[in-house]
Amino acid sequence: MNQREIIARRIAQEFENGAVINLGFGMPTMAANYIPEGIEVVLQTENGGLMFGGAPKKGEHSADMANAGGEPITMPKGSSAFDLAFSFCIIRGGHVDATVLGALEVDENGNIANWKIPGKFVPGMGGGMDLLVGAKKVVAALAHTDKEGNSKVLKSCTLPLSAAGVVKRIITDIAVFDVAADGLVLVERAPGVSVEEITAKTEAAFTVSPEIKEMVL
Amino acid sequence: MAKIISMEEVGTLLHDRMTVMVGGFLGVGAPLKVIDFMAEKQYKDLTLISVVASYPGGGFDIGKLTANKQVAKFIGAHIGTDPALVKQYNEGTVEVEFNPMGTFIERIRAGGAGLGAVITPVGLGTEVEENAQRVTFFGKDYLAFAPLKAEVAIVKAVKADKLGNLFYEGTSINTNTTMATAADIVIAEVDEIVEVGEIAPNSVGTPGIFVDYIVQGFTSEERKELFGELWDKNNKFKK
Amino acid sequence: MNQREIIARRIAQEFENGAVINLGFGMPTMAANYIPEGIEVVLQTENGGLMFGGAPKKGEHSADMANAGGEPITMPKGSSAFDLAFSFCIIRGGHVDATVLGALEVDENGNIANWKIPGKFVPGMGGGMDLLVGAKKVVAALAHTDKEGNSKVLKSCTLPLSAAGVVKRIITDIAVFDVAADGLVLVERAPGVSVEEITAKTEAAFTVSPEIKEMVL
Amino acid sequence: MAKIISMEEVGTLLHDRMTVMVGGFLGVGAPLKVIDFMAEKQYKDLTLISVVASYPGGGFDIGKLTANKQVAKFIGAHIGTDPALVKQYNEGTVEVEFNPMGTFIERIRAGGAGLGAVITPVGLGTEVEENAQRVTFFGKDYLAFAPLKAEVAIVKAVKADKLGNLFYEGTSINTNTTMATAADIVIAEVDEIVEVGEIAPNSVGTPGIFVDYIVQGFTSEERKELFGELWDKNNKFKK
């Protein structure tokens, strides 16, 4: 199982039955493929849809049904479509139960950076900042370290923030942290990964939960 | 009430250096024919207000305007899908004003609704504060943003009746309803122009009082084919 | 012709073809009966409708179609219905071309009082304040004097204001004034009413337009 | 997602002294059956948030609650139609917070949408300033009002599907869509409960995620008859 799949599978366990979920691009969206049986979530797409379905076959598509990635979707029974202003009432008004977003960096204070690497990568924040502030629970998903092995779970983010103090849970390929009032708590480790290894790969300070578990993937 | 016009007549409403809102989200619900016309006529130095840039990869919908270097300033939430715009931004030839997406649409709503500012916690503690005013209301901190309006809004609906009442479908509504309230001149591109009465009172997404001009766009069939090709080429369909 | 009918008939001449109009209760609403032939206006009702039609016969009504007075209306071809939030976007966003509202008092500065007589009559402002601020043109309609003959076109309103400096035109049973930057201008007088009589019955100062006309009713 | 409950179960969600939003405009689009139930159960000291008071003359829709002296505070735009409420207000037994109608609905929208304040020029230079904060944005004066939320919102739609998606019709939409976004608990009274799929995606006025409980109200036929009698008695029909 590669890093991305580990993260996606672990994200999928965050979902409660009936919850309204908004998934960011990449691993969070991949997670939709791994949602446990018996759990049904209501997916929101910020361009203006709830309870949408997956891609149609060519010819069965509508030019008026797409997700926030511009990809064709279906609108099954029970789904709804509305304008962008209402969609962000949903997001900012606290009506999304959880959002899972990819991150470039996270830190001990629940800060998250995911929209900008100055001078290199400046796509814009899209709807990410709204989700980070508006969703009831924010889960950040990222590779634990960069290609050089440097921790992306930091004492303090170095990149421009997307939102301050909003992340409640951090999911990486080797660990799951809760962001508590007094700092990070390690609550899960990936199979075969020791607390020592996580400590070695993590810049942020953290405590280890007495009930630490192994990720079930 | 609206007037039905030809694409050439649309030309009399547009000019270089105008501030123009264009509806749509990555091309879906975008006024594709008017955009083609704008690209062909080479209007220059536009301030383009659109929620995101072109369909991923660029060159489609408003990506035709950036590819042509017709845009001087872009106001929106995301440009990462359009390589031409990203390049022009990095080179400093295009100015970009980034807004959180909810703030973007709420600013346009405020412009159309006569509200004085948008008061939101989104962006607190980030660089977004640089374009906003920090305020405190009722014991909490917020950012205040100015309402947003345009000289011309070009929106896209599925149908218009001859009074200009617009009917939208699916997620292609997106920014169109809101932009139609926030410009001096509103042009609606539609798949089909129908008789008054064919759009039921509760199915009107934008009442005709907001729409100044209606222009025939691609038909629904043509759009289905166009997006069929686009999504097929980009491998977006279920196999 | 009684006072109210004079005012209603004169109001009806304010409407331009195709204009979006919101009419307050009483004489403004009566005016809809006197709109000149060839003039079609788009009536707005602030509870959420445009281009609505008159009352239906019993049995042809819908329990879901009413105006801001709670009265049954019809929704003819071309009409639209929407929620209150959108209705007030129309009103406050400057999308209503003209509103005609009854008034208790008006004054030289375009102030209008029509929502409260302290201790006596406190129904609330309803949508009136929004219309007064949002409509492109505000026309105030009122009897020129009260039952004791006291002017209701004042130097300065004595009752709590509904909005300050918004009235563009005043229509009474004996006169029509424009509210200009430097004060009131008498532009019309009712048939058989002299400028002297209007002067005698008006507390507010005004100038007389060189093109003063007789009301055509 | 919504749960279908009986009127008795609605009782478990309500209590004395609650802050409750009730949809409708002079009775049209009002949850008449739940209001009847509230009157019958005599919940006391309510803070009632509703755009206007009862149908002219009083005693209908929320006029049943004021007639019963169940309301301690009324937040809305107009009370002149309800003689009981006017009397209680004049006698000082009911507190009334008057809002310009657009400000009223915008405050509820802000509550539901996570916005920090409503910034509007409406009410400048009037007594309304006493309940607001005067602010300046971008060179102009405005009044700032706090967002408005409730413990319970009772809304009325024509249909609900079993997920709680609501379908509205005509002008009975009024405050219902907005109130459904701005309360801890949302109860929808409907004419008819239908299967999932019977309300098309673009005909959903309130998505089911906002609706906690659905309760059967009068049927459409019953409502038509009820308003037929009311409007007939008040001489409102064309002869």
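Things worth noting here:
Every chain is named by a letter (A, B, C and D) in the order it is written, and numbering of its residues begins at 1.
In this text, contacts are C-beta pairs under 8 Å (C-beta built on N, C-alpha and C of every residue); 3 or more make two chains touch, one makes a residue touch a chain.
Not measured: the values here are computed from a predicted model.
Hopping across touching chains, the smallest step count from chain A to chain C is 2. In this structure, the chain pairs A-B and A-D differ in their number of contacting C-beta pairs, and the larger number is found at A-B. When you average the Cα atoms of each chain and compare centres, the chain farthest from chain B turns out to be C.
Centre-to-centre, using mean CA coordinates, chain C is 28 Å away from chain D. Centre-to-centre spacing of chain A and chain D amounts to 36 Å, using the average Cα coordinate of each chain. Centre to centre, using the average C-alpha position, chain B and chain D are separated by 33 Å.
Counting partners per residue, chain D has 106, 109, 113-115, 120-121, 168-170, 173, 201-202 as the residues that reach two or more other chains. Each of the following residues of chain A touches two or more other chains: 49, 75, 81-82, 88, 92, 133-134. Annotation, chain-chain contacts: A-B, A-D, B-C, B-D, C-D (touch as defined at the top).
Those residues of chain C whose C-beta lies close enough to touch chain B in the complex are 18, 20, 42, 49-51, 75, 77-82, 88-90, 92-95, 133-134.
For chain D in complex with chain C, the touching residues are 25-29, 51-52, 55-56, 76-81, 86, 89-90, 96, 98, 100-103, 105-106, 109, 120-128, 158, 168-178, 205, 220, 223-224, 226-228, 231-232, 236-239.
Of all the residues in chain D, the ones that touch chain A in their complex are 1, 109, 111-115, 161, 163, 165, 181-182, 196-197, 201-202, 204, 207-210. The part of chain A that touches chain B in the complex is made up of residues 45-49, 54-59, 61-73, 75, 81-85, 88, 91-92, 111, 116, 122-130, 133-134, 160-165.
Against chain D, the residues of chain B that register as touching in their complex are 106, 110, 113-121, 133, 135, 137-138, 140, 142, 144, 146, 168-170, 173, 201-203.
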